[in-house]
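Each in structure tokens, the structures are laid out below.
Both complexes below contain subunit A, partnered by subunit B and then by subunit C.
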Partner chain A sequence: MTHRPVLKVENLQTRFKSVQRGKFVHAVDDVSIELYPGEIVGLVGESGCGKSTLGRTIVGLEKATSGRVLLDGVDLSTLSGAALRDSRRALQYVFQDPYSSLNDRQTVGEALDEALQIDGIRSRADRDRRTKELLDQVGLADVVKDRHTRELSGGQRQRVAIARSLAVNPRVLICDEPVSALDLSIRAQVMNLFLRLQKDLGVACLFIAHDLELVRQAASRVYVMYLGKIVEHGPSQELYDHPSHPYSQMLLASVPEANPIAERQRKVPLMVGEVPSPTNPPSGCRFRTRCPMAVDDCRQQVPPALKLSPGHDAACVFAKDLHRGKRSALLEADANAERVGALVPS
Partner chain B sequence: MDKLKPIFARLNKFPRVALVVIGLFVALGTFAPWLAPQDPSAQNLLQGGAGPSVAHWLGTDHLGRDTLSRLIIAANTSLVSVGSVLIIAMTIGILMGTIAGYHRGWVDDLLMRVVDVGLSVPSLIVALAVIGIVGPGYWTMVLALALAWWPMSGRISRAVAVSIMSKPHIEALRVLGASPWRIYFGHLLPGTIGAVMVYATADAGTAALAVATLSFLGLGIQPPTPEWGQMLVDALPYLESDPRQVILPGLALTAAVIGFNTLGEAIALNRIPKPLTRRMLAMRRIEVAGWGKENSDA
Partner chain C sequence: MHDEPLLSVSNLTVDLLTAKSAIRPVDGVSYTVRQGECLAIVGESGSGKTVMNFAPLGLMPTGVTTSLSGSVRFGGRELIGLPEPEIRKIRGKSIGFIFQDPMSALNPVRRIGRQIAEMAELHLDMTPRAAEARALELVKLVGISDPVARLRQYPHELSGGLRQRIVIATALAGEPKLLIADEPTTALDVTVQAQILRLLKDLQRRLNMAMVLITHDMGVVAGAADNIVVMYAARAAERGPVDKVLVTPRHPYTRGLINAIPKREDPIGSQFRGLPGIPPTLGAPFKGCAFAPRCDFAVPTCTASRPPLVPSADGSVFVACPVVNEGRAAA
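Take a look at the complex of A and B:
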């Protein structure tokens, strides 16, 4: 992974006009991520933290307020019209809901054929051949081609949606919780399909999910997002073993144990309160309102991302302590104590 | 009214009856010139107001014109005028609605404010005003009604277009890099037309009524062209002596309006996409049975 990133997102910001006059919802705020060819990268966080908006902004479904998206070193914001559509084609999106992401009026063959037409394949015979190939790649029988998409099951539809994304030979696939709408049994199948495709085709994959276990198994690197910002990023094994941002620690600690005895003894640090409104994000560190370790400094300035080990960084003033194993301080912190300036780990 | 309720409820259960009525109306309207047994304008004052006979199955009106022929030709008049009104109104409405739904932003705001203005004025009054300015006549009436009718279909198609545009399958097309033309003509327009046609069926009844109303007031279809509303007003002075002349066109009009409404409602209900239709289930069963056979052979 020494080569150049295939997708580079620099200081991306997406905000929406709020219902309150003159205010903005800061859905994605100053986010930078990188994707290298052929890797699966996880993006985790609570609901409403801006994961999906980030994905949608990258593929251009939402307008970025500022920042750049570079695909193979080409800044997409400098392009427009047909040139933009042609370049952006290498960036595909897999939707969460396979029921609405396909047109009910089309058959599977028509849907794939249309994608191939968009990709500029003129000859009918070529398109038919490629359709067959794509169906084979996602593990669907050739007869499915003449079925209407509404006749298929959720898993089959998601396979068709994946095949359609692959039709245009993407370099990057952004998957927005692609399996969370599926049954558990189907989920594993579709996940394996993703792993196989990534291995066979070398497609880089940004995997947006809230299923932490899934991400741990699939992704080589993980970004943790909170309220529109990346709070921690690192190789997944390292990050799962040594979470170094209080938020990542709490997120990981909230995953229930499969073993009931271990589950009963498990200490769960209470995440106090609700996620603050992205319309009025807290000053400084965005997590400080819910963080048991927050100090005065957290209010004053946005904590910079601290490098902890190669490729692992966290945006917290205590990141280094936490990385060295100061987990207990957090777990034992009294959740009901006064938030700001109350607890300073020794 | 309570007594009527079960009748209406039953009527709604029989869209087939409505379909037959509307089918009859459309067939009569289309082939009226060949179906009408006699010349609808041929007068015979000596036989004015005659009852049913072999020559005149439904009798004659006060001028001795064959009522059956006039009713049939009136179906044609009604069909053509209602069809023209709806086609013109829907073309304008769907175009404006889909453009607004596709572009959103200021285009949407501008077009929808125009629609708001159109909707805020009662449609019949718009039609009356236009006719008042231009003068009564067949095509004046059609244009006036179309002018009064399009805001509603514009509003509906805009709502449909917005919902289609926000569906993930359109977003998927945008991510695939489909050209705006492909999205507009390939997906947005067919989807919108399909949904708006349903409203059009239900609207056809109201439009037929509006045509009859204007003709009744003498502002629409001019004599001697037969039209139900105009037949009603013609026969009105003879209401007491010859009520049949009022009842027959009235019944025809009522049947057409109720038929269109019932049919529109039925289509609207059936259009909710079902995962599998009965026929598909049967075919699936046969196919699955076939698989079993293959396996036992192997």
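Take a look at the complex of A and C:
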């Protein structure tokens, strides 16, 4: 592993004006992450936790309120004009839905050609050669070039979208749920494509997803996000084996088993309350309002990230106990003692 | 035990005709659902799993001519050929629906209480006042805290999980005997999904309802269903109890699907297991097995004629694969 991150995000904050006057939606709050060349890093969390906003802020689709995004050590906010455009090209985004991210009226060849023109390749022959190369890289036959994108299946479309983002030789791909719109049998093919691109081209990839098992297998490291903040970060195997934040524990325990016998015996974590509004996040630890372990300290101050093992840290005052194998009380609840039981009218 | 299952579908074929094309999204599918039982229908997009459930109840987009053959018996009544006014009395009353996206299933400009009460008024002939009381009961039933306040809220004020609970309450308002849930947790987060599934399971048991669960997620099937039908390209590939089909899948497609689920033991950075090729597009019915082009076990007979569903030795699992049924592939 190279020891200089290709992408470094420092204390990034993205706020949106709320519909309530004078208030702000704290979508991303004081987030720092790093990506090394040729690495797939997972970013997981529930919808509304700010993971997409983080991705969009990194590539410049949203404006950061404060904090820095550094590409190869260069702060993007200090750049302008051609220099900024050059850097932006090194950061590409793959969207979730390949049905809306491609122009239906273009053929695959036209879609790729457009990207190549933007990259500044003047000669038609060069562009054609590169189109062929790109299609080959994403595992599509050359004949697809003359088909309209609307004629393709979801998996094929996502490959075209990936080819298009690769056209400008990016160093970093931000992939926002790139396979969740695809059928199960096709997902593996596209996931394997990402693994191969990472190996062959050395592209670093921030993989935003809610499918925890998928992320575990693909990513070397994982960040867990809750309500705008990173709550835990670590090497995938370590984090999945020893989740050390009550939220990560709960998230991992929620994944259903495909084996019916194991699934019936599984203890389902009971959620306390609702995700609080990011307009008015709780003081101190943001998870404290739903955390079964919360103590007074959690209200007072934002828990610092505690180092648990090399590269593994969690922002919880109990992280060390949890890392040693203590399970959050949330998981002790029996599946059969479902909360609704008490609420059913006789 | 009743003699006849609550829902009995046999040899159902659906043909859809639009101005430009004719497709057959459902081709000779049979299954039954008994009272208090949950059947999962699993398949990829375009496999016909949704059309199969909605077409017999007249829930099809406009501009499409639907032609049905075969039989769909519900509570001893044949639904195919039933005039629309008759179907309307069943739809939403004895058969409740839950759709994938809770936001578009609710009216954004009406209060939640009214939307639930409306169903009770329409189907149970309740007075508005009685229906409001019923709405409150239902909202409590689906495990929503502070129910009185919730009834006065609008859908956009609630989270996805709460909205889906409201949709479930609405579906239950007509006191259905059968609940058809089309991907009820797909739009929800994994933590919320677990709760909604437990809720559905719990309600089903409590109200002794039958449920048809349409999904593509094997984890959802494992936790909720008793039986499963695996659909591939308009036809049933495999059918049987979940404890058998998910644990020892027999059809090569079912095996591929289950094998494709990432496992905790898979090393990091290892290849993902999937199925080769892409699912076929629906058009004219296939002559042989539609899965044959993607199948590792395919033999010439597979493409020659349509493989029939053959019961396993103990009669519990039905598989449409000539190779499996001849016992030539590993079980």
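Definition applied: the second predicted complex is superposed on the first by the 328 of 346 C-alpha atoms of A that agree within 3 Å, B and C clash if a C-alpha of one lies under 4 Å from a C-alpha of the other, contacts with A are read in each partner's own complex, and residues count from 1 in each chain.
Note that a residue touches a chain if its C-beta (ideal position, glycine included) is under 8 Å from a C-beta of that chain, and two chains touch if they have at least 3 such contacts.
Keep in mind that what you see is a predicted model, and the values were worked out from it rather than measured.
Under the clash rule set out above, the superposition-derived model of subunit A with subunit B and subunit C shows the two partners fitting side by side.
Of the two partner chains placed by superposition, A:Val74 touches none, neither subunit B nor subunit C.
In the superposed model, A:Met191 lies in contact with subunit C only, and not with subunit B. When the shared chain is aligned, no partner comes close enough to touch A:Ala83: not subunit B, not subunit C.
Residue by residue along subunit A, subunit B and subunit C are tallied for touches, and C comes out ahead.
Taking the C-alpha centre of subunit A as the vertex, the lines to the centres of subunit B and subunit C open to an angle of 70 degrees, rounded to the nearest 10. Within the superposed three-chain model, A:Gln156 lies in touch with subunit C and out of touch with subunit B [touch as defined at top]. By the touch criterion stated above, A:Pro256 is placed in contact with subunit C alone, subunit B being left untouched. In the superposition on chain A, contact of A:Leu212 is made with subunit C only, not with subunit B. Residue contacts after overlaying the shared chain place A:Ala141 against neither subunit B nor subunit C. Following the chain A superposition, subunit B and subunit C show a smallest Cα-Cα distance of 5 angstrom. Under the contact criterion defined above, no residue of subunit A touches both subunit B in one complex and subunit C in the other.
Per the touch definition, subunit A reaches subunit C in the complex via residues 40, 46-47, 153-156, 183-189, 191-192, 195, 210, 212-214, 216-220, 236-237, 240, 250-251, 254-264, 266, 268-271, 274-275, 335, 338-341, 343-345. Chain contact summary for the complex, subunit B toward subunit A: residues 167-169, 171-179, 182, 186-187, 190-191, 273, 275-276, 280. For subunit C in complex with subunit A, the touching residues are 44-45, 137, 140-143, 159-162, 189-195, 197-199, 202, 206, 216-223, 225, 242-243, 246-247, 256-258, 260-264, 266-275, 278-279, 281. The residues of subunit A lying in touch with subunit B in their complex are 59-61, 82, 85-86, 88-89, 91-93, 95, 97, 100-105, 114-115, 118-119, 150-151, 161, 164-165, 167-168.
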